[in-house]
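Dropping the structures in below, format is structure tokens.
After this come two complexes, each holding subunit A, first together with subunit B and then together with subunit C.
Right, the complex of A and B next:
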């Protein structure tokens, strides 16, 4: 039971991180290699906000700050370079990620930092006979709430409709009168805000170091491809699946656990090349 | 518009390239005129080993500054050629090769993990360099993978565990779990510790290995809880150490596991991040920052002045490596690597760690080993040394697999 909860907690974190990456990929077609750096920046900002004001406010302030970073990303890089090849844009985001890592090192140093959750989330809670860390349960709840809000936003609002249509075919959506630039700005901002939220949630879960974005970036990219490129729901399901598989693998196949996400990627691509929830091409 | 974008990208790329260049280019710490003594310092400055890598490089910088201020070695200034690595043996080896073939370095220091040191050890003779291993603890570096051109300044895992073994009988706990890093040092440490545990009449109920860079120790901690262990050994490095401690506290592992022993895991520089939860934890201590000798006091003072923090074992062992190397160059009267190696063999010298000697059979530096327990003193976490083990006990006979040729 406890191991399953470990998998769900890791999956919840991957869900939040990967859904932002999937949103940007779906609309802009950009493999945003800077997403891991945005997540790391979110975690470090959460550290500073928690030190000064408190963790509760960090959950609000950091996603907003990262949304603003997303606005800059869209206006300075993604929009002007939208007609360039994907590999060129991918390289630019890769360069931005490296600069982000350096910037974080210069501001916060290369040592490890620690963020404590609020006192009521510290310690353990008894759940079905197991004492499980309360903070990890909180991550699961927050991720599920986030997933519900995102689904409602996409399914039942006008902007959600515009995002879904632009994600299918941005040019046709523009011809149909949808302001593709506005939609794109919203998507990149929300995607970046989700990276910030993931970083904030991760800060008390793991410790902070400038390399923390790299580990999760690779896993998130796998999640996005397994889920189906551009499918936010697919990324959420795949995120949870990868989290559980990785955790169970660490218990029962420790020597191969690190390879399991890659094995899953290969199996899914062979079985269903468009990913679990992707559209056939 | 396209031209503007192209120009912007070119500027971006050039900034990026120049940033990368500055991270890997040589850094002169000598600055004097005439021929300098060049030392390659190849430590990780990115990834989970970045902090310890920087600590190692900082020790060499302080050593270079102090010796240069006193007129250098043989009247020649020390120049450090710093190369960046991510901790991968092939990257490290490439850095060493560049520093030697392009930079003219004859001596190598700051190399971090045992696999990296093994890679350097295998090439040291061919490259004609003297490599000072101040961090790699794997026994194999003193066995099959030893090299006549590599000096092992740091104590091996066997030596650390001999010291812990001395203190083990007084530590509470019958059922031990071992959580180690999934590379050679972790496996070798786990093996040695299992022997020590069994020798003290206790039992090992779990041995498990996590890859370097693990961000979620949850599954491993749950395994420890399920194993019924009441004591634990942690052999975890880099930023994984803080992650492990943080998550052990999240899972309230302390309510079950009463004794926690670390092998270079609960180190002084991380005490502020690890917090009061580690009070009572044990760890091998290779270096006593409070050692009462003039050299140590000078080093500690200079390191704090240069880098703003108190040195712990990684900088101390690297500084000790520099002391031994510079002492051997003085003794040899030359920077010829063969002459320096000959001077190092069997050398005895006063250092920041008191008098040490180099065993010629495997180039192992013979030093005291300590075991410390984390306590709170004057509102700060610190080690209380609970046992001291001399080299005659902690250092086994040289491994016959080590062939110095």
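Right, the complex of A and C next:
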């Protein structure tokens, strides 16, 4: 039971992170390699804000700060380079990821840092007879709420409709009168904000070190591929699935667990190359 | 034929017509081989000119890494595929050499052959999974699978083979020699240089010949319009896989020789950063030409050794990568050959005008 909840907690984080990645991919056709760096930046900013003011505020401030970073990304890189090949743009984000890791080290140092959750979330809560850290429950609740809000926004608002149509076919959407640049600005900043939120939520759960972005980036790239490239719902389902499988796997096959996401990737590729929810291109 | 050919399918037409043009470029091949032989001889003089051991070791490392960059460049040029996975073949081959010599007591030469074959085999297995993908799929999958190998090499279960986090020190049984080089000679950059340089030039020439052959033209056709190539009766999966394994073998040779030269393998060789380094170096050098990736790698290794203030090399290469991609997508060689290409295009245009 406890392990299952751990899996759900990791899965919830992956859901939030991967849905941002999938949204940007759908719209700009670019797998944002800097997403891991954004997540890491979110976690480190959360550390600083928590030290100065408090964790509650970090939950609010960090996503906003990351949304601004997203705006910069869109205006400086994605928009001016949108007519270049997608690969080139992707490699630009790879360059950003390389820089990000180093910048974080320069600002916050190489050592590992810890963030403490607020006091009322520090204890344990009893669920079905077993004690479980309250903070992890909070992660699950916040992340699931965010995911639900995102789904509702995408399904039932005008801008959500625009985002979905633009990620299906950006050119046709533009012909139909949708301002693709505006939609993209929103998507990239929301995607970055979600990465920031995931980083903030993860900060008290893991220890911060400059390599943390890479691991998560690769896992969430796997999630996006498994879920079906460009499919937000697919990424969410796959994120939760990968989180649970990896955590449960760690219990039963300790030395094999880190490889599980990769095995899953290979299996899905052989069985369904376009991903679980992907359309045949 | 001209009725249907649009500029982007020129290569397809060329592939379809290839059998007729088979004997046309004999002369060009002779010139190329002569240049290769010349480079080979010039390179062999280098240890007599450069007396400084540090520079020499940088040159050896550059040559070995260039083997990987050559492979990445070949894939990018002929198939338009960008690989983050060649570091994996480089690393696997290095580990294979270390395991063959240290655990099984093989001599260096069989170990290098084993390492190269093993790396190529890994490339075959990964290739079957990834070469169907194109563009981003390929980039992400090569990254993910090479990271899987990195994780695997780090597992405690693998300790007897790879040494896990501690890395692996290579030892030989008895007085093993490699082309007359003893163990300490192999680690001497001046003495090891001919091996590295010959491997680089020969591999470069081989890849160049493959690029000019029918195989290369087929690959270009697949790059431009895979569907049309299929309609024309080409199997498009096998050439892609063959190209992937060929370039993987080049990277593996580099890794196998690297293992001999350094004598110690750390799991870092398979890491995320390393996987990117070579692609970045190739991009900065320029993917449009054969020498671009090699030039990029030499510059990269030099910069890494000399401008690595407090470990900021990735910050600098990140900035440089973005600058190159945004302002000079052809890389350094692309920027250098631009005036030449412009001039040649002008001349041929004028020639065509005169014909009319």
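Convention: the second predicted complex is superposed on the first by the 281 of 281 C-alpha atoms of A that agree within 3 Å, B and C clash if a C-alpha of one lies under 4 Å from a C-alpha of the other, contacts with A are read in each partner's own complex, and residues count from 1 in each chain.
Keep this in mind: a contact is a pair of C-beta atoms (placed from the backbone, for glycine too) under 8 Å apart; a residue touches a chain by one contact, two chains touch by 3 or more.
The structure presented is a predicted model; accordingly, all values stated were derived computationally and were not measured.
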Clash or fit (per the criteria above) of subunit B with subunit C on subunit A: clash
Touching partner for A:167 - first (subunit B), second (subunit C), both, neither: neither
Touching partner for A:87 - first (subunit B), second (subunit C), both, neither: second
Touching partner for A:113 - first (subunit B), second (subunit C), both, neither: first
Touched partner set for A:259, first subunit B, second subunit C, both or neither: second
First, second, both or neither for A:31, with subunit B first and subunit C second: second
First (subunit B), second (subunit C), both or neither touched by A:131: first
Touched partner set for A:222, first subunit B, second subunit C, both or neither: second
Touching partner for A:192 - first (subunit B), second (subunit C), both, neither: neither
Touched partner set for A:102, first subunit B, second subunit C, both or neither: both
Residue range of subunit B overlapping subunit C upon superposition on chain A, of 21-29, 147-155, 237-245 or 309-317: 21-29
Intersection of subunit A interface sets (partners subunit B, subunit C): 81, 84, 88, 92, 95, 98-99, 101-102, 105, 214, 258
Subunit C - residues contacting subunit A, complex: 82, 129, 132-133, 135-137, 139-141, 143-145, 147-148, 151-152, 155-157, 272-273, 276, 279-280, 283, 311-312, 314-315, 317-322, 325-326, 329
Contacting residues of subunit A [partner subunit C, same complex]: 25, 29-31, 81, 84, 86-88, 90-92, 94-103, 105-106, 214, 218, 221-222, 224-225, 229, 255, 258-259, 262, 265-266, 269-270, 273
Residues of subunit A defined as touching subunit B within the complex: 2-3, 6-7, 9-10, 80-81, 84, 88, 92, 95, 98-99, 101-102, 105, 110-114, 122-124, 131, 133, 135-136, 204-207, 209-212, 214-216, 247-248, 250-251, 254, 257-258
Residues of subunit B defined as touching subunit A within the complex: 1, 5, 8-9, 12-13, 15-16, 19-20, 45-48, 50-51, 54, 182, 208-211, 213, 215-216, 218-220, 222-223, 225-226, 239, 242-243, 246-247, 250-252, 269-270, 273-275
